[in-house]
Amino acid sequence: MTEGITVRRLRGGDREGWQRLWDQYLRFYRAELPPETSDATFARLCEPDGDLVGLLAVNGDGRAVGLAHLVFHPSTWTETPYCYLEDLFVDPASRGSGVANRLIDMVYESARELGAGRVYWTTQQFNGAARSLYDTVAHLTSFVVYEHEF
Amino acid sequence: MTEGITVRRLRGGDREGWQRLWDQYLRFYRAELPPETSDATFARLCEPDGDLVGLLAVNGDGRAVGLAHLVFHPSTWTETPYCYLEDLFVDPASRGSGVANRLIDMVYESARELGAGRVYWTTQQFNGAARSLYDTVAHLTSFVVYEHEF
Amino acid sequence: MTEGITVRRLRGGDREGWQRLWDQYLRFYRAELPPETSDATFARLCEPDGDLVGLLAVNGDGRAVGLAHLVFHPSTWTETPYCYLEDLFVDPASRGSGVANRLIDMVYESARELGAGRVYWTTQQFNGAARSLYDTVAHLTSFVVYEHEF
Amino acid sequence: MTEGITVRRLRGGDREGWQRLWDQYLRFYRAELPPETSDATFARLCEPDGDLVGLLAVNGDGRAVGLAHLVFHPSTWTETPYCYLEDLFVDPASRGSGVANRLIDMVYESARELGAGRVYWTTQQFNGAARSLYDTVAHLTSFVVYEHEF
């Protein structure tokens, strides 16, 4: 079903397609970011050796249809990094055809390549569409998340 | 109640007291780590300018009674880092006297000093003792955590 | 609303209609089964005196529009069997007209006939559409489910 | 820590030690069973080739310190049985020494021997003591449990 879909590292020339997906993703979370934050994020996601790794799913016509953003960070529990899948999004028009699965496969591959022994992410407990997929590729944990913002 | 309690940065000479708390903390999670992982973690927590920050609560007798471990990492949503409170532990003999609150105050202060706009952590949904405290100093989010280990 | 709907025991001649529903149900859970597993399951569901009981909802045109699969098994808490409702599915085109309620009524009737004192089932905590129905015909318990696969 | 602990199949001569644990376990769930139900359950747990399998943890003095009861039942999703761990209990005086882990190891071994590809169980979402152990030996699922009793 995902014939013609390629998942690859994000690069400088992808800005337009990436921005379209990123805007939809932020709207889903009812969030707005200053344009300079998106600029900085896009630049960091394209850096070849940074802590952030951007992945883009592109269809046979060269159109960006999905994105995944990884953050690698140290942990006190292990000498290898953890890989945090901070953002995952598939264009609604391309859903149901395996794009998310292809992105997650590539997330796992990238995490392994970069030495991480664990990939994790969070999702709203009521996001059934996402969780019904996550239940098939990862394990739910017993953890809930607390936060404090300044 | 916390008279005589000081919370300060972890340093090389704290190994013995820190190890005692760390071992109890790991036992709580029924986890065992290779000694070299604890060695590496302790060293990184003591580095003055790294991504990991160790905090130690010490009582009037100079005894270590609590610890907090912070991980600073970038986020795609902001240009400033996030502060992840990965570990928090108070010696059972010193609980109920405000040590955890003092540690969290210092976590927030350290996060601000290091430019983070958000501190977050996770806890098991059934850890009532911890959550009754967290509810007073932070906000529960709607997020659950998925993970995949290699 | 469910005029013309009949719920009855599954039988050998129902294979085609049953398979159509079963395939949709598995797709909902993003699951794929080997064809020989579906063959074996169908055969067992049709056996008159086995541990598995298949129920089929058929509309006035004789079209299969819903299924329910029951597993009867012993329990250490009671001398009578428990009835586990393992699968329940209604064709999306036939939803909202009471087919699920009719199926559940028949589940209860079958369970009673076969001597079970308790019917139970599980559902994903985020499946709001299903849970809003279940809340009207059964009781939520405080139980969560752990699993280990070999 | 579990030196001297043996986990083995339950047998007819274990009735007294088993009954003591079973009574404590039922009290934990605030349940009362008719004596004849316990009689029947014990008998079925001791049968060599039935659907119920009883396991008993015995210490070096021959004292019963833990039990596990397995129910094997068919599933529509697989041709091999599922193994439902219906009851698990460790004498409070013997907790914290690995008895539960030893029982679960033997549950997995028994399940494999009897051809099950999956072991599952349920626990109250607020049972922190149990879940902190389960989180280390199995995976939490997204499922909640509904029930209807006649």
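By written order: A, B, C and D. Residues from 1 in each chain.
Everything below uses one rule, namely that a residue touches a chain if its C-beta (ideal position, glycine included) is under 8 Å from a C-beta of that chain, and two chains touch if they have at least 3 such contacts.
The structure displayed is predicted, hence computed values, not measured ones.
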Furthest chain, CA centroid comparison against subunit C: B
Same-residue or different-residue interface between subunit A and subunit C, half as cut-off: different
Rotation in the CA alignment of subunit A with subunit D, degrees, nearest 5: 180
Separation of mean Cα positions, subunit D and subunit A [Å, integer]: 41
Whole-Å separation of chain centres (CA-atom averages), subunit A against subunit C: 36
Whole-Å separation of chain centres (CA-atom averages), subunit A against subunit B: 27
Chain centre separation (subunit B, subunit C; CA means) in Å: 47
Contacts with 2+ other chains: residues of subunit A: 125-126, 131, 135, 139-142
Touch-based graph of the chains, sorted into line, ring, star, complete or other: other
Each pair of chains that touches, named by its two labels: A-B, A-C, A-D, B-D, C-D
Residues of subunit D defined as touching subunit B within the complex: 125-128, 131-133, 135-136
Complex contacts: residues of subunit A adjacent to subunit D: 131, 135, 139-142
In the complex with subunit A, residue positions of subunit B that touch it: 31, 33, 36-37, 40-41, 44-45, 51-52, 69, 71, 73-79, 84, 86-87, 108, 111-112, 116-126, 131, 134, 137-150
Subunit A contact footprint on subunit C (complex, rising order): 28-31, 124-128
